[in-house]
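Notes follow once the structure below has been shown.
For reference, chains read A, B, C and D in written order, and residue numbers begin at 1 within each chain.
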Amino acid sequence: MDTQKYALGPLLNEGLSAEDRDLFSDARPVPYEPYPVAVVEKFVNWVRANSLWLLAFGTGCGAVELNPLMTARFDAYRMGVQMRPTPRQSSVFIIGGYASVKTLKRIIRSYEQMQGPKFVVCLGICPINGGMYWDSYNTVNKFDEYLPVDLYITGCMPRPEVLMAGVLELKKKIMEGRADGANRYVENFDWYKANQKRVIKDWNMPDYNW
Amino acid sequence: MANPIELLQRFGKNFAISEIHEQKADLTFFKVPKEQAVRLLRELRDDAGYTHLAFLTNIDWIEKGIFTLTYMLHNYDARHSLGMHVDLERDNAEMQSIHGLWAQAATYQRELREMYGIRFPGSPRLDEDFCLEGWDQIPPMRKEFDTAAFSLERFYSREGRGTEDPREHMKGLLYPTHTDEPSSGGQ
Amino acid sequence: MVEALGNPLNLIIVALGVGFLLPLIERSSPALSRGLFNLTIIYQAVLPLLWLLWLVNGAAAQQIQTAGIAPPFSINLRLGLEEAFFVAGVNLASLLGAWYLGGLLRGRAAAMSVFLILSMGVDGMIMTRDLFNLFIFIEITAIATYGLLSLERNAATLTAGFKYIIATSLASTFFLLGVMLFYYLTGTLNIDGMREQIAQVQGPLGMVAMSLLVAGVVIELKPYPANGWGLDVYESAPTGIAAMVSVGVSAGALFALYKILPLIEPFLPALVVVAGTTFLASNIIGLKQNKVRRLLGYSSIAQVSLLALAMVLLTQLHREDAMPLVIGGLFLNHLLAKAGLFWLSGALQRNAVEDWRGLRANPLLLAILGLLLAALAGLPPFPGFWAKWELVMQLSAGGMVSWVALILVGSLLEAVYLFRWFGRAMSPGVQLTPAPAVAQLLPIVLAVLGLLAAGHYAADSLGLDTLWVLLPAYAGIALVSIDGLPTRPKGLITLAIVAYYAYRVVPVLEGLTGLFGLMLLGGGLLMTAAGLYRGDTRRGYYALLTMLLLSFGGLLQADTSLEFFLAWEFLTVSSYLLLCMGRDAAPYTLAYLIFSLAAAFLLLAGFGLAYAETQSIALADLANVKDGAAAVLGLLLLGFLTKAGALGVHVWLPGAYAEADDDFSAMLAAVLGKAAVFGLFLSVISLGLKGGGSDVVMYLLSWIGLLTAFFGALMAIFQEDLKKMLAYSSMGQVGYMVAALATGSHLGWVAAGYLAVNHLLFKGLLFLVAAGIILRVGQREMYKMGGLIHNMPVSFFGMLIAIIALSGVPPLTGFGGKWLMLNALLEKGWYWQTGLAFFASAVAFLYLFRMIHTVFLGQRKRIHKDLRDAPLALLIPQLLLVFVILALSVQPNWLVNPIAAIMASHLPQTLVMHGSLMQSGLGYWDGFLVINVVGAVFMVPLLMLLVLSRFMRVQRVKQFNIVFAAERPESPETTHYAYDFYSFYDRALGFLVLPRATAFWNGVAEWSHSMGTGLRIFYTGNGQTYALYILLYVVTLYFAVGGPS
Amino acid sequence: MQDWPVRIGYFLINLTIVGLYGMLLSGIVARTLAKVQGRIGIPVYQPFIDLLKNLGKRTAVSHGAMFYLGPVFRLAGGIGTLAFVPVLYGSEMFSNFNSAGDLLLAMYFMFFGQLGMAIGAGESGHPFSAIGVARGLGQMTAYEVPFALAIIAIVVQYGSLSINDIVAAQQGGILNWTLFTNPLAVIAAMIAFLGMTGYSPFDVTMAPNEIPIGPPTEYHSSYLAMMTMNRAVFAGAKLILFMDLFFGGATNLVELVIKTWAIYMVAVVVGAAFPRFRVDQSIRFFLRYPTLIGIAAIGYTQAVLLP
């Protein structure tokens, strides 16, 4: 495994043609430190936990379980959850079930466009070990090889109730300051990138989608 | 509108139609040789009212060494579908493109090209990626492609994964005392 | 000996003698005969010129008695001032014509002698005082013409000559019959004698006599529709001959008419109708012509009938004192310009108008063509201009308003087809023929010089400070002479000249003219300086620009409406020619010229009406107009509004602004447009506050202004072309000024002045930014740009400041204009208009955002990766404008206070200033406080964001790092949202901006052209039919006037 | 004229009050909408949490200087609008910098933030931003018409452009409010208000599903937080302006809260009940009946109120 540190100069963006390289930033992502004052960090973590903006990007069959979450029956708004249509403004990415290689590429792209701190929640069994698609030619089996996962919610499919329990769990994790997926991703950037590129054979995007 | 059997028999004068098989009242299969297929499709579309190409798919008979293309046509007036089988050599499979007859056939042909490696010379955007992106193996739907081995090799398997027969598992879970007798209950 | 040589009779005798001798001498010595011919023709030209000189200096009119006996018993000739003038003109034209014809005449004794006899015949027609003798000369002229026509022996010439001889024979037959009856009634053949006995010419017989006489002369003048034969002559004859027929023979006929006018008093009204109809009809038909000679033929007929019309009308008005200027001016103008054009078309051997493309490659020829056409169209400084001015003034004073209208409409039509020709010459194309020989061009050049001299003389005769008022033209001509220099030195010379001029002129001006002096000359200098970024050879550009800028000075300094109109016409001409320099301007220049001339003619009509009432052409006396105030105001406003591009007459504007050279567009929109605003100010100040009809006009003006503002903005938002968008925007902005002016209140006029200054600043800035963009990108379509902010940051900054200043968002200058204008409208009680103003200013946001977004923001095209900012020469003027805008934003009082003081001299002050606080009757505004508050308020979030950025890692990303939930777009080229930006607005309100005005004007053009076709129905080309027409015409004339009674 | 530090201090107090109130209002609105949909809805303080969350984001991207300054312009526009509107009638402390200009200044300054923001969003290079801005501007031109007509009507009615004068004329009893003296103008203005607030049926600018959130697509983290703040301050300023012009102004904070809440509820209730207009539909809508009502308001004012 490549263990280069993250501060090793600009990305090469080898997947892009020479003229496209001008269009995309080649900056390497950098992890963020906690706020210097511990109380502030604790308070901000509480705030983050209570304002979970989901990226409205249904990546698999589990996406159908996301929508009831916002209806009158479950009303996840109560818990500070709401859908945002653009990755830039979202803080939680819910992987809705199996991730095919083709979708994985889009997931990575959208994830990298989200601004930290950001959290990944995997829904269902498929992202854990492939689930019923474990021997498929196009479904990844271990999602955490490609992106840092903060929380798994297993089941096939998990009901919205379970999803809500997961949200509560995620909140707890965030408040405790343990949901550090975004930093893990950056710190192990080269490892994640290598894994991603191993399965995504036509890597035609920049190495980091700012 | 004539009976489809009669229709096929009538076409049979000019085409080597064989293996006519009436699957259901509204679905009939038959087979023609590769060389006559497109000509027959055109006549079925223009003269016999089978104006709709519902789909185009392929069956891999690895044992026989052939692919069987299936063109599914539909006649709206007669509410009847015709399935036309065409056998191809499995190695270097190639078939005449029918995107000139139905433009949407190009998409099916792209898929077949990607999944089975069948070539359709002249079909638009045939060699572009369709469902797969950056696929570097033999076409995945060909039966000689070992998808489990591939998955293991490329995506790794997570340890701790077990497999159980759902029927046995659920039986044990739900009816631990039940003896082994055929059940006529749940479907 | 000298005396003998100077005898006017020699004009006839020598020509006759030499004419008959030439064939004889030819046999023995061709060279001698050629020499003799040259000598004679020079003598023929010089003699009347000398006489003219003597007569002007006070010599007595010469009465020549042929047999030494007093008139009733012998033929007598007269050489007074008029005769000498006409004879001199005609003979000069024949001299130049002979020179031009050269080869055709030389070596053909018959031709030479016929040519001499023709010119002699015309001289005779002019000089003789004997009616029968007149008939003889008419016959001589006709036969000589026929002879000349048949010099070129082809079918077309021969048939044309045949038709000509039929027609002229008919004419002379009528004339002879008329002479007989007159002799029978009066007992004399002498015209002067007949005048004494005119009481005898009465009753049915008198009527018949008169009508026959009139018929004879009128047919010679080729009245519509009985003039098909004349046109065939113009078309088929060699150009030199056609020129002689057009100017010489017509002059003779005209003078004949002039002589018999006293004999045919009852026919004067009919003659007016005949001449008027012919003038109008010929010009309408002229529209359809695409052959130069035929076109010139119609123009000739029109000009001659205009002369006849003027002559008769002035006679009716008993304003013979105006005749020298009007008739003399028009005649010389026609004589030299028409002959020159005929010769030019012959020298270049191009007949179809289409073939004149590419003449632009030869500046000398182009200049000659342009000058001759300008002379023919009655533009300054040529004599036609002064004559037309005087004619309009006299006719207006005489209450003949409808004839003024007819003359102006006809002149406009004539300008249309003349300048369409010029437009072709300006268009790119291939040079077909080699340049003509100098010998052939020299007479044409002499004609041009003659015209210029005559113009100068005419201006002198009007008592003007000629050198000063014609300074723009002379400066332009002077600068043409250094046109060979490289571009930048020329530009610097222009700057120096204009700067010195401004330095001399502006301090003298005061009040409103001072304000506009600063704007026009200051702005003009700035835009000229900005133009220095161009290093390509711009032939004639700076000469014309100097002319344009100096005529601003003329406009501002004008004390009389004549000076004003003159400067205005200079503006029109120079800006038209400058516009022609634009690479693809050709299709739009004609519209510009037509509308500009129409505007000028409306002004002329307005000034005429004012003159009719006050008998004064002083601009200050405009304010004394009382009864006709509304009409004068309406005409003047219409004229200025046309020039300002108000709704309905705006059709010329987008094309002109968009297709002019990029730096000249800035000049047009920012500076030249203000000249129209100045005119509007002038007319409103003098006439707008008179109550009664003026109030109605002002009320209409407010609607015109705001509708212009609204539709200008609305049309701007749908433009893809950067400069077209700016053009429509200018139109809209001028609309606000118009509306503010219409209020007729102190506040409103301050608003108008403020808006004008502000518009100069931001629109100049925008056009300069556009020039830089177009220079770098090489495109005008905005959707082909995008994301240029990183390449052209300074230009972006300029545009940003300009659009904020335009939009009216505080704290920049734009808000002041909006505040003043809306307050003025509300104070006036024009609430609906205020609502429309709000709507218009909101719509303006749309195009402003579209402009800055599609050019500077969004996705950059890959090919624009390495673009640089505009050249420094272009950026410095931009930054200067930005600086002025910002300075005036901080201290609006620096602008408002002087304007308020100026307007306070015309109206009671309603805008009150307390330090930086301004108060209208309704509201208040403290510009200084506003910008301070806004500045402070801006700092709050800015500091906040800067602090936050310390805790937030801000990564600068590149253009295509845009966020997409899944798929990303293919390429930046297809990701720039720019084309059809406001498609939804089009769906909602697009029906409002269907090109109705364009369709209307196209309809007018179409209609005029079809009318041209309709009127041509009489021209069958058949000689018999033409003869029949002549007969019918005479009968009609007879019955129309008196009938058998 | 007082000394500047005091005035600035007063203004900061105003700003804080209006900002907090505006944030709270958006919480109340969300909760009200939730009730309409049969949900419990967010806690009323949720907007504050969201705001702090966005302020607490640790990474951000910038597309360039104008992009960076966009939210600054936006927020400055909101604060500035508030600065030119007197919050409470007759109170020195709550008069802000109203002395800088009249109603026209406040009306035109509203565009300041929108224009700056539009340019910032434009620099992001995102086509959806441009589409959103185009729609927003288009809709703005349309609702500006009835609004302007209503404003003209009341300016005619009160004979002044000064907001203070207009409020003063409405004192002395509820029947003196513009709402009762010139109901047509108020109707026209309130319909325009629906467009201004950007709730449905006029929310196509932000249409979250077609053009993800419109102009602010690229904005996030602290930028977004500043825009949220602006929404609070700007909404507060607009509400106060409407209250001053049409509902008799306010002489104390309680009255202010009640009146502005009530005005805002109009937009919220309408928004909860109507589906979305396409932008060309909303343009046609505003230019039809609301405009006619505005015209009628001016006519009514001229014919009935003035003599």
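Assume contacts are C-beta pairs under 8 Å (C-beta built on N, C-alpha and C of every residue); 3 or more make two chains touch, one makes a residue touch a chain.
Given the structure is predicted, the values throughout are model-derived calculations rather than measurements.
Ranked by how close its C-alpha mean sits to the mean of all protein C-alpha atoms, the top chain is C.
Chain geometry summary: the mean Cα position of subunit B and that of subunit C are 80 Å apart. Rounded to whole angstrom, the centroid-to-centroid distance between subunit B and subunit D, based on C-alpha atoms, equals 60 Å. Subunit C and subunit D have CA centres that are 53 Å apart. If each chain is reduced to the centroid of its CA atoms, subunit A and subunit C end up 73 Å from each other. Residues of subunit B in contact with two or more other chains: none. Residue positions 32, 85-86, 88, 210 of subunit A are each in touch with at least two other chains.
Along subunit C, residues 951, 953, 955-957, 959-961, 963, 965, 972 each make contact with two or more other chains. Touching chain pairs in this entry, ordered by label, are A-B, A-C, A-D, C-D. By the touch criterion stated above, subunit C contacts subunit A in their complex at residues 862, 865, 951, 953, 955-961, 963-968, 972. Subunit D makes touch with subunit C in their complex at residues 8, 55, 57-64, 66, 68-69, 71-76, 79-80, 83-84, 97, 99-105, 108-109, 111-112, 115, 118-119, 122-127, 130-131, 133-135, 137-138, 140-142, 144-145, 148-149, 152-153, 155-156, 159-162, 212, 217-218, 221-223, 225-226, 278-281, 283-284, 287, 294-295, 298, 302.
Residues 19-20, 22-25, 27, 30, 32, 35, 55-57, 85-88, 106, 109-110, 113, 205-206, 209-210 of subunit A are the ones that touch subunit C when the two sit in their complex.
For subunit C in complex with subunit D, the residues that touch the partner chain are 787, 789-790, 800, 803-804, 807-810, 815, 818-819, 822-823, 826, 831-832, 834-835, 838-839, 842-843, 845-846, 848-850, 852-853, 856-860, 917, 920, 922-926, 929-930, 933-934, 936-938, 940-942, 944-945, 948-949, 951-957, 959-963, 965, 969, 972, 975-978, 981-982, 984-985, 987-989.
Subunit A contributes residues 101-102, 105, 128-130, 134-142, 145, 198-203 to its touches with subunit B in the complex.
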